[in-house]
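Common to both upcoming complexes is chain A, partnered first by chain B, then by chain C.
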Partner chain A sequence: MEVLSNKGGDHIFKIENVAVHLNGKYLIHDVSFTVPKGQITAVIGESGSGKSTTLSALLGMLPAQAVMEGSILFNERNLMELSEQERAGLRKKHFFTIFQDATNSFSPTLKIKQQLYRLTASRLGQKEEAFLGKITAILKDLNLPEDVLNRYPFELSGGMLQRCMLACAFYNEPDVLMADEPTSALDMLHQQEFIKLLKNLHARLGATIILITHDLGVAAIADSMIVMKNGEIVEAGQVAEIFKEPKHPYTKRLVANHF
Partner chain B sequence: MRTQRKYPLFWIVLLALIFTTTIFSSLLAPFEPNAMDMNQIYKAPNATHLLGTDQLGRDVLSRLLVGGKVTLFIAIISVVLSSIIGIIYGGISGYFGGAIDAVMMRILEAFLTIPSLVIVLALQAIMQGSVWRMAMIMGVTGWFVTARIVRSEFIRLKELEFVQMAKMFRTPLWKILFGHLLRNCIPAIFVVTIFNFAGAIFTEVSLSFLGIGVPPATPSWGTMLYTAQNDLLVGAWWMGLFPGLFIFVTILCVQVIGGTFKQGGRSHI
Partner chain C sequence: MIAKWLGKRVIMGTIVLIIVSFLSFFMMHAAPGNPATAYYGGNAQTLTTGEKERIEQAFGLDKPVLFQYGTWLGEALQGNLGYSAKEGRPVSTILLERLPNTLQLIVLTLFLVTITSIWLGLQAGMKEGSLLDRGLSIFSIASSAIPPFWLGILFIMVFSITLGWLPSSGMNDVRGDGGLVDRLYHMVLPLTVLVISHVGIFARFLQDSVKVENHSYYVQVARANGVSEREIRSMILRNAVIPYINYVGVTIPSFFGGSIVVETLFSWSGLGQLLVKSVMVKDFPVLMGAILIIGVVVVICLFIIDVLMICLNPRLRRGGFV
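After this line comes the complex of A and B, so read on.
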């Protein structure tokens, strides 16, 4: 596919002057940043800062009434110029998204096996036998017992369900993994475990990861970082540098509170 | 985690017993339900006629079993119809939301301000007729609660991540509606349908008791209570007691079963 070819540049996403407004009110404005290929980019900010809206814009999943300005280039191709069908194709084959609430990411009345199949193999057009072999190995890697496949979501903990989502990411090997507050619904122990697995995934697949979080501890695993406040980017740069020497007062406060 | 649901086994068995005896009533009834015997008028319960006979010498037990078939048939048909209407109406309202939802809900509220029994009464009075027609009338007037519940479930479910994810991958609308939304409403629909069923039995009985339900010649639990009004005056207590008991026990069974599912359902939803 044409979109796949990475014509020059080491960035996979290039976001330029993106603004989104809904009913006359700006949700985000003047948002420009690049997402380096094969790296982890963290987007930090409190709720309402516009980080989830930015993610929705990248996915092309903004609410129907919202108006977007600016341009988003994915592998040098402007997402705004794609048809809805082409965008759905991108979401199916090249992206994978993990949401905050793993419990609600699964339909309550379907067994995990069927849901994981729908999220992975059926999208890639693979048969069920091939799926079972591969997913079983992945589940084992993620410390999930094999019998989760025959369970219903309500029988599993939030941490287990989030790991099931991660299993889909391992299976699909997406070009970009987007994780929207993936650890916020988990307890401390599960958070650390999840982060470890996420790093593991990054090391193994070399996928580009966009990690949205309000927790600096989680953002520490990223290479670069974008700090958002009130719909604007207030600071961007390498994580190590920002942690060492924050420039914007808001980032200073965040970093001071973290350490 | 899963909470073990206690099945109300006793009530399920009792209800199943009532259902099977009424379904096979033509085989099980000791007498032909409309066979008159002028020598056996108003006999109190005895060895031959276990629940006594009526003013025409007909066997009360046989008529109760056959009448149960009519009552339960009306209740089932009306509940199936009202559930279908309620699911479609509530589903459209809840899924599409916005102006469609607002208009549909105001219409529904207008209906809800009038007790449905009154609407049924009016419709029955205009087009009184067969058992089928009565079931239809009860069906088209009994879907309000189902519609509201389906609507609120759809509104809750459509915002959840798994539905959003399905939309993200351009899952066809019908798959989202049936496979994701309706499928997850079934526990709630099941519970409200059970209670609607109990309500439908009660409506048939009430209407027939008022003389505008099932045509009087057709035995049903309601028409039997209707004729019992006169029979009680001549001291034939069994004419009122036994139909009343059957109605009471059936509705009780349905309510208890519905209640258990209502509680059990919470841990799932």
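After this line comes the complex of A and C, so read on.
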């Protein structure tokens, strides 16, 4: 099934007939969609629906044994034709990804300052003095006390660590921000706060955001939405339209449960 | 807080040493044979019962074992380790002569083993499935399966007897005529045997630890976000080295075990060789002194390992465990 949202629009990613199989089993199958530039695209589905595999394919970070078919175009460049080194270069230059489990996203034995530096200024080739000034301002904007820089990850809460990751996104100003279930490990209060900050980042930087989630409440901030089930896309379109008139039985159930 | 922790460690170390000395003392007395008669070697048969009793009295062996231990402990706590009738010298003099030789061997082994195993383990662990990765796994099993005494004999046969390249015995004192170069020249074979028998298993431990870290969440996050492989490698090593150092700590006593075999084989005039000799002639004061001093060195090594762990693991420092 081929579903293309925003046909003919200005897109940053174009995914065509992508299938990934691991040890003879398909993880995703016949996945096609485009990601419009400067917009928020949500990929929604339950666990095992293939949404995280789709993200790994976009990042070029599938397990070594996985076999991928189809094509993924990023700014008209086919990711399949790039070497591992070129893909790493792409991730460094154009993408930033926030993962679900913030408490394990940082090395346990390094101070936050060194880790944020590696995730931001170091990859951009900037010196530490320039980094300190800029990151301190960003942390303040994100309601994080300045002394988080001298803390170790185990001394901070999950919500604070997730905001540290978001601080990196603000710092790097990536072309594409990918977020894999960024709120599911947070409590309700921190979830809402994080979503607000994500919207803020989108408004400020105009970055393209790919938001992977199982929560329709989170997906509501997106412009367009892709619904996945059992490794396939079952529905795609503008969020407002899907909320108003879901077509696939699975989406109908999701929407009915949400409202 | 640090003073309290230090105090606790000193008390713990002392208790460990007392237990070790207590067990050694009783095992020695439980073993067959008599130090008084062993003192006379082949002439022991000719001694009359009266003479034997007199000798036992002189050695204090006619008293109950617990009393003998109490006397020894009391003296030891005051720094007096007794007198070796066999050697005709105070025990502390003998030990101080031997200790540097063993320490040289062990410290150098430990240094070479850690440097080599960290380098090998990191290279192999980072390249999973590579030739080095698989090769190291096989080497570690093979090297730990080969008994050091067998390897030592093999080396003596090949390098000393057949090829005549390296000496199998006759070490000199650093302050003696030979000097440092001569000492190192004599050290090559015993050192190689000790390094080979430990390096494989150490490297294997770090290799596994590196693999675990390489698959951990934070490394995936760093890789997905374009952090350089050099920086990722340093993060991995920083974390993988924590369980490794702990492992080194628990293995330190086995270095002394290994040195007993190697020192005996290569006539290395250290504590290991002294222990074997003293057991043969039942020289109890020397034996107790050697066990005690090895115990002290091990306790100090474990203390250094603990301090290292605190430096490397911020959870221990800031989590209130200290």
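The rule is simple: the second predicted complex is superposed on the first by the 250 of 259 C-alpha atoms of A that agree within 3 Å, B and C clash if a C-alpha of one lies under 4 Å from a C-alpha of the other, contacts with A are read in each partner's own complex, and residues count from 1 in each chain.
The working rule: a residue touches a chain if its C-beta (ideal position, glycine included) is under 8 Å from a C-beta of that chain, and two chains touch if they have at least 3 such contacts.
Fair warning: this is a prediction, and the values are worked out from it, not measured in the lab.
K.L.:
Quick check on the superposition: with chain A as the shared anchor, is it clash or fit for chain B versus chain C?
P.N.:
Superposition result for chain B and chain C: clash.
K.L.:
Which of the two partners, first being chain B and second being chain C, lies in contact with A:Phe131: first, second, both, or neither?
P.N.:
neither
K.L.:
Return first, second, both or neither, reflecting whether A:Phe106 touches chain B, chain C, both chains, or no partner chain.
P.N.:
In the superposition, A:Phe106 contacts both chain B and chain C.
K.L.:
Which partner does A:Tyr250 contact after superposing on A: first (chain B), second (chain C), both, neither?
P.N.:
neither
K.L.:
Looking at the overlay, does A:Phe96 come into contact with chain B only (first), chain C only (second), both, or neither?
P.N.:
In the superposition, A:Phe96 touches chain C alone.
K.L.:
Have a look at where A:Cys168 lands relative to chain B and chain C in the superposition and call it first, second, both or neither.
P.N.:
Touch partner of A:Cys168: chain C, not chain B.
K.L.:
In the overlay, one of 43-51, 169-177 or 205-213 from chain C clashes with chain B and the rest don't. Which one?
P.N.:
205-213
K.L.:
On chain A, which stretch or stretches are contacted by chain B in one complex as well as by chain C in the other?
P.N.:
59, 61, 88, 91-92, 97, 99, 101, 104-110, 119, 123, 154-155
K.L.:
Which residues of chain A touch chain C in the complex?
P.N.:
59, 61, 88-89, 91-93, 95-97, 99, 101, 104-110, 118-119, 122-123, 152, 154-155, 168
K.L.:
Can you name the residues of chain C that touch chain A in the complex?
P.N.:
These residues of chain C touch chain A: 216-218, 220-228, 231, 235, 238-239, 242, 312-315, 318-319.
K.L.:
Which residues of chain B touch chain A in the complex?
P.N.:
Contact set of chain B toward chain A: 1-2, 160-162, 164-165, 167-170, 179-180, 183-184, 186, 267-269.
K.L.:
Would you mind writing out the residues of chain A in touch with chain B in their complex?
P.N.:
Spelled out, the residues of chain A in touch with chain B are 59, 61, 84-85, 88, 91-92, 97, 99, 101, 104-110, 115, 119, 123, 154-155.
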